[in-house]
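Read from first to last, the chains carry the letters A, B, C and D; within each, the first residue is number 1.
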Amino acid sequence: MLTAPKLDYALLAPILIILGTALLGVIVEAFVKQALRARLQLVIALAGISIALGQLYLVRNQGSSIAAVTSVSIDGSGIFIQGAILIFAFLGILIIADQDHFAPQASTLPGSIEEASALESGKQQTEVFPLTLFAVSGAMLFPIATDFITLFVALEVLSLPLYLMVGLSRRRRLLSQEAALKYFLLGAYSSAFFLFGAALLYGYSGSLSLNGLTDAIRGSGGNDVFLLLGAAFLSVGLLFKIGAVPFHSWTPDVYQGAPTPITGFMAAATKAAAFGATLRIFYIGLDAAQVSWKPAIAGIAVITMIFGSIAAISQRDIKRMLALSSIAHTGFVLIAVVSLNKSALSATLFYLVAYGLATIGAFGIVTLVRDSAGEVTDINRWVGLGKKSPLVAAVFSLFLLSFAGIPLTSGFVGKFAIFSAAYESGNIYLVVAGVLSSAIAVFFYLRLILMLFFAGETNGSVSVVIPSVLTRIAISISAIATVVLGLAPSLLLDVAQNFAYFLR
Amino acid sequence: MTTSTNLVYLIALPLFSAALLLLLGRIADKWGHIFATLISGSVFVIGVAEFFAMQDRDGEARAATQKVFEWISVGTFQVDASLLLDQLSICFVLLISGVGTLIHIYSIAYMSHDHDRRRFFAYLNLFIAAMLLLVLGDSYLNLYVGWEGVGLASYLLIGFWNQKPEYATAAKKAFVANRVGDLGLSLAIMIAFTQFGTVTFAGVKEGASGASAGALTAIGAMLLLAAAGKSAQFPLQSWLGDAMAGPTPVSALIHAATMVTAGVYLITRSNFIFDASPTAQLMVVTVGAITLLFGALIGTAKDDIKKALAASTMSQIGYMILATGLGPVGYAFAIMHLLTHGFFKAGMFLGAGSVMHGMSDEVNMRRYGAIGKVMPITAATFGLGYLAILGVPPFAGFYSKDKIIETAFNAGGIEGILLGGATLLGAAITAFYMTRVIVLTFTGTKRWDENAHPHESPLLMWAPMAILAIGSVTSGFLLNSGSALVNWLQPVVNERHEHHAEEFLPPLVVSTMALVVVAIGIAFAILKYRTVSVIAPTDVSIFTKAARKDLYQDSFNEAVLMRPGQKLTAGLVTTDYKVIDGLVRSVGWIIQTTSSALRSIQNGYVRSYALIMVLGVLTLVTAIWMVTL
Amino acid sequence: MSILTTLQLLPLIGAIVVAVLPVGNAKLIKQTALGFSLLVTAVSLFMAFSFKTDETALQFTETRSWISAFNINYSVGIDGMALALILMTTILVPIVFLAGWNESENGRWSVKVFYILLLILETMMIGVFAATDVFLFYVIFEAMLLPVYFLIGGYGVGERAAAAMKFLLYSLFGGLLMLAALIGLYVISTNQGGGTFDIAKLSELTIDSATQNWLFLGFFIAFAIKAPLWPLHTWLPTAAKSATAGTSTLLLGVLDKVGTYGMIRFCMNFFPEATKTFTPAIITLAVISILYGAFLAIGQKEINSLIAFTSISHFGFITLGIFALTSQGLTGAIFYMVNHGFSTAALFLTAGWMIKRRGSSNIADFGGLQRVTPVLAWSFFLAGMSALALPGLSSFISEFLVLVGSFAKYPVAAILGTTGIILAALYVLIVVQRSLHGETPETNKGILDLNLREKIAIAPVIAVLVVLGFYPKPVLNAINPTTQTIMTHAGVSDPIAKVAK
Amino acid sequence: MDIANYIYLSVLLFTIGAIGVVIRRNAIVVFMCIELMLNAANLAFVTFSRVHGNLSGQVASFFTMVVAACEVVVGLAIIVTIYRSRRSASVDDASLLKR
């Protein structure tokens, strides 16, 4: 007699709510008339996210590793990261709501008559909302998944909508489509590696679950060829998603080509989700074999930090620069991954939130700086923005300072927390490398601030559009959070500490 | 020791008057000079009162101290702002305030046309305060404050007309040369503190007997360096000639009578160091001997009356320094010569000033001649000073200088003969160049322009000259009668009245020898300067050429110190930009270049991105593999 | 609430008040800012009078939890050294306001922003010296760079952007090294019974010598950049050249002191062993700085960079005094910090007025100012005298203490350092001669002397230099206990005189 | 047949796919190579399932197929769009985003 598996719906509800909302969005897209669609989609999405967040809040202290038999483990870190992703999604949606960034009909040919007419008639498709929500649901599942099937499915559910969203830009559509293609091909490529790694690990342990893997390693000693190859291949998929060198190549291109609101959302949410999964896999799946992978991952962390920091210096496009900056940040968080202690875990949680908020804010601001042809991303044309629009420039500088890790911003606290966790774990060389690459990174953040404020002539053709209320709210929240978390980090740090645990 | 409460006024009065005059600015123009003179006079009065009070006390109790306040107290480094008035310092107090007051009076007239007379008087009072602090401080550090203070005052006064670039340069040169000396004083204090744990004269004296010879010699050498800087002794003498850029009363007071003799004071004050270190003494006499000849030689060729006198000052201080190096017997004679010199040299400088005053600030003696007729009082007072410096009996110099010559001979052995010989030779050259000054200035034919209308100076100017002339005549006799000064200073300089090995030559012989060489010098000068050309002849002996150039001291300094220094500075400036900053910039450059290189890897082709990933996978696998095996 | 907190809050409140004033009313903004800064001065003086010099413990302490996860507290408290430096700061700020009354007007931004930045900077300057939690110190240490960055970049002259950038990069680089060391220290404290950032507790850790060396270097390099020690100095002249006089004053006078302050407070306190290990090297660098700074000062053609190089020389003296580790050296160095603050203020402010009036900062463009602007010339001259440590001015006492204190232990270094006084005479007198003496060129004849406001600004600076030159006792008394505590902690005592009394 | 041979085959297929992605220009072919890699993984899953005697691997391969199908949908959509815009399916032509 088969018995249906017992599911703990309360704990799974946040994901289910988001999925449901996404489906609702699809229905709305299909049946509601054009004029109402955009507004309705927005309301539905925000409502869904809010409800999910509320539900998450209610169940925040009820960890369980058997919420869906053994497929997921809803524990402190998982809940925290889910919460973070939901918040990013909320802010992301606020910026995405400014439909000016998206192609009215993505399927039309760039430069075609259909495109022009769609533009003219205001026939704006709003599939981006449900797509976002699907991605969010994948992102929420990814960090709590504890078996390889769930992990793979979550990874794809997260990625597939994103591939599409990247190609939705209204302007410079060729670039946008190219970004989508690159993201898709490379993403699928890395997924294949991930999957093959999972297969090998399954071959090694005979179990698809992380727990089974750990038990197998404990039992055998852990230098089996399947284990090592499997771990390496599995890592590739994860390292690709978080954008670690040498699996980073897609990042600058995709960040640049994607519609800016999507870039911001993606940078924050994907990174959080992918790091959530990475941490779980390395902390509870592969920790018994840490001797094998730790040096390699540590090496990648160092290379990633330094590469990101150095490569960003010569960038002339602000989105590419932020992309490389995000690579450098990946390196910093990877330090926490190899530190393998509770402080590192809570530091990562804090860092992901701090970085994600600042990133959404920063890309939010990029959406505001435009000329007649749309966003201006050439750094040289940002010169003198401080004169023209001091507030926007000041807020942007705030985000940059946070990225640079200047004290009294959230970025500093995050960096501090990660470095101290690394030091605690004895990886002092990682701290030194982190410090040195921060020093390099500081250069381009500051140079940008310098260009905003101190450089000579202002660029006449560039203007700052008055942000819509929603964008304004999103940027404000990000900015306030950046400052508040810098001044009173305890607000979040204590929470992160409470949630910094994994359930097997 | 007696405790006094008045000493501080000696310094405070002139100091505050100086500050007041400077701060009030033009408001005080009308009465500033009178006020300053009164202050200076009252300091003299206090000094005299203290002198008599001191005489009333006996032996040990003669010295008076006053602790004004606790100055610096850090760990064991305890220095109070304390003053010490003993037999030695009272001599200086009287000299400084006495001559100082006379020169104040003189300056009222001398500077009457100067727009900035008030400022001048403020500086003078600043000088008097600093100089009194120098001689009254009870520790080396207090002395040091006065030491640099007089340096500052001297700088300000030399550069009083600093709108003339060369005057400003002269002032700077004086300050820097003095600073080299100050370096010595600083180091001496540091060594003393490390050795003795204190920097008071009393403390150092107490400890000196227990210190190693090396330490004492080091302190002595450093003190000598200090003295050389302040007293224009070899090799730091070159600033004094240029210092004549200052108004003439300044030259008289600071660069003849008082400040430049501070070195003599310092060595005398530190007798306990030098007495315990024969090496240091040898250095002192050597420096003294060299300078006395050096100065004298320079004096023979100077046409600028003030520079000639300055060279003479240098030479005379050489005598004093030499004397201080001769051990306990020498100190008193050094001080005696210092005091008599204070009278006659100040008198002569004021005389020179008077001549310049009459000659519209002309200083070239070749343009003087026969001034004695139009300026009789000046000529007379100058003449008395002249006789005094030559050591003609019974004028002051006779007593003080002959004693030094005598003591030098008595040093014994080769050293005695060399030193004695040097002093005798110095006396001869002194006679030559001083006679030259007299001949060129006061006698002979007039060589001045038609435009010049030399005239006797007013009462305010000649009265001080006259008083100083009286001093030039009588001071030697008074100080020497019954060994007055020697006995007076005995408690300070510690002469133990041991009988010197033997007298090398009896005093009478020395005096006779001295008079003979002086006579030769005079005769030579008179013969040589029967006729004088207005333009200095160029076909002169190599010695004259050298003397005109201050024996190439400036050229030497320029070639050995200044030029290399400038090169070094320029080199360092370049190094700073190119090497040090360059290194930093090249780090930046390397990062930038790397960055551009990394950027070109990002070539936009999906396939090459995939390739990078594959390579990454391979590296990752290899890394994991290697670590595990 | 401790008076120290009040002291930090006041300028911040001032900044907020200024922020809500109308932009157009420059005069009101300036007056408000000045008012607040004077209030701060008054409160700090009050604090100074209630400070007990006979106590070695920290005073006016206050501790509040800030980041509990790392046991980071907002904790403040001062000893004599901190008190002296805070007083220096609070006295200098209104002077800078007054002296540079108009320097905010030609900036990139409004007058208002200028004063907001300055007031925020004042809060931080007080905080950095008052902090007794290393993390708090670090945060302020880094954060205070930003106002200066914007002050240089926004209101400076010439290559201001590049100068601001260079300044910030250097400082941040040092700061990051310090961050690494700071984290190390924290982790060590965690392993030894409870992570903490409390200075007192951290100084009691037992750290093995290799680790000590690394951590020491992390802290020291940061401080050596801040109080520029050769060869980490090249940012300073550029910054000084571009910053306004007031900014330079605060930058060199106060901010750079954080470097030397840190050396004493952290390097020596936390790593006594490493201190001993590195002392010879540091002393060497200090001596090089003294001489190098002086030579470069002589070679400068631009007045502000000249002052900057003199400061490099002076920081050499301070470092020498600190690492000589004798009571004279240390007290001298701490006192030197205070004196250098006022002395540099006098130099920068007077030079600033000269530059403003002449419209050029090239020394060659001046000349003959003594005749046309006697008061300005005198002020500049006295400032110069203070720079060359003329006895009777306070800088003499500190310089001499430093030298006498280091001579006992490092005679060669002290002798070389002492030769610096000759070079000091040269660099001061050369600039004095070129700018003040000589014939007044036509271009300089119309230059006006100081007005009343400027006179009021410069008078207290000179008064402090003179008064402390004659009567340094109050400051020395406040500093001495600090010195003793440090020496006791480091386990050293003064060398004993060779010939005992 | 030795069960290891299945693994070898799977690895071979995976390698062919991985190399194919790097050397082929046509986006469709590149995509097919990726599919090949996924199927190599499937083969490995199934083989291991057999080795371990549990069904997990087989289940996994079903999931993979489904996901791969979704991927095809998305992938073709993107490729087709690109092709329509550029009239070319060569991945090398899409290289505007660089540096």
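FYI, a contact is a pair of C-beta atoms (placed from the backbone, for glycine too) under 8 Å apart; a residue touches a chain by one contact, two chains touch by 3 or more.
Not measured: the values here are computed from a predicted model.
Visitor: If you average the Cα atoms of each chain, whose average lands nearest the overall Cα average?
Guide: Most central by this criterion: C.
Visitor: Starting from the mean Cα coordinates of subunit A and subunit B, work out the distance between those two points in Å.
Guide: Centre separation, subunit A to subunit B: 79 Å.
Visitor: What's the distance between the Cα centroids of subunit A and subunit C, rounded to whole Å?
Guide: Subunit A and subunit C have C-alpha centres separated by 44 Å.
Visitor: State, to the nearest whole Å, the distance from the C-alpha centre of subunit A to the C-alpha centre of subunit D.
Guide: 25
Visitor: Centre to centre, by mean C-alpha position, how many angstrom separate subunit B and subunit C?
Guide: Chain centres of subunit B and subunit C, defined by C-alpha means, are spaced 37 Å apart.
Visitor: Which residues does subunit A have that touch at least 2 chains other than itself?
Guide: Residues 181-182, 185, 189, 193, 252-253, 443.
Visitor: Quick check on subunit B: which residues sit in contact with 2+ other chains?
Guide: In subunit B, residues 599, 602, 604, 606, 610 touch at least two other chains, as defined above.
Visitor: Touching at least two other chains at once: which residues of subunit D meet that condition?
Guide: Residues 18, 21, 30, 91, 94-98.
Visitor: Could you please write down every pair of chains that are in touch?
Guide: A-B, A-C, A-D, B-C, B-D
Visitor: Subunit A touches which residues of subunit C in the complex?
Guide: Against subunit A, the touching part of subunit C is residues 65-70, 108-109, 138-140, 142-143, 146, 150, 153-154, 160-161, 164-165, 168-169, 172-173, 176-177, 179-180, 183-184, 186-187, 190.
Visitor: Residues of subunit A touching subunit B in their complex?
Guide: 181-182, 185-186, 189-190, 193, 223, 228-229, 231-233, 235-236, 240, 245-247, 249-250, 252-253, 291-293, 295-296, 299-300, 307, 310-315, 440, 443
Visitor: Under the touch definition given earlier, write down the residues of subunit A that touch subunit D in their complex.
Guide: Counting only subunit A, the residues touching subunit D are 106-107, 109-110, 148-149, 152-153, 156, 160, 163-164, 167, 173-175, 177-182, 184-185, 188-189, 191-193, 195-196, 198-200, 202-203, 206-208, 252-253, 256-257.
Visitor: Which subunit A residues qualify as touching subunit C in the complex?
Guide: 346, 387, 390, 401, 404, 406-408, 412-413, 416-417, 419-420, 423-424, 428, 431-432, 434-436, 438-439, 442-443, 446-447, 450, 453-455, 488-490, 493-494, 496-497
Visitor: With touch defined as at the start, can you tell me which subunit D residues reach subunit A in the complex?
Guide: The contact residues of subunit D facing subunit A are 7, 10, 14, 17-18, 21, 27, 30-31, 34, 37-38, 40-42, 44-45, 47-49, 51-52, 54, 56-57, 59-60, 63-64, 67, 70-71, 74-75, 77-79, 81-82, 84-86, 91, 94-98.
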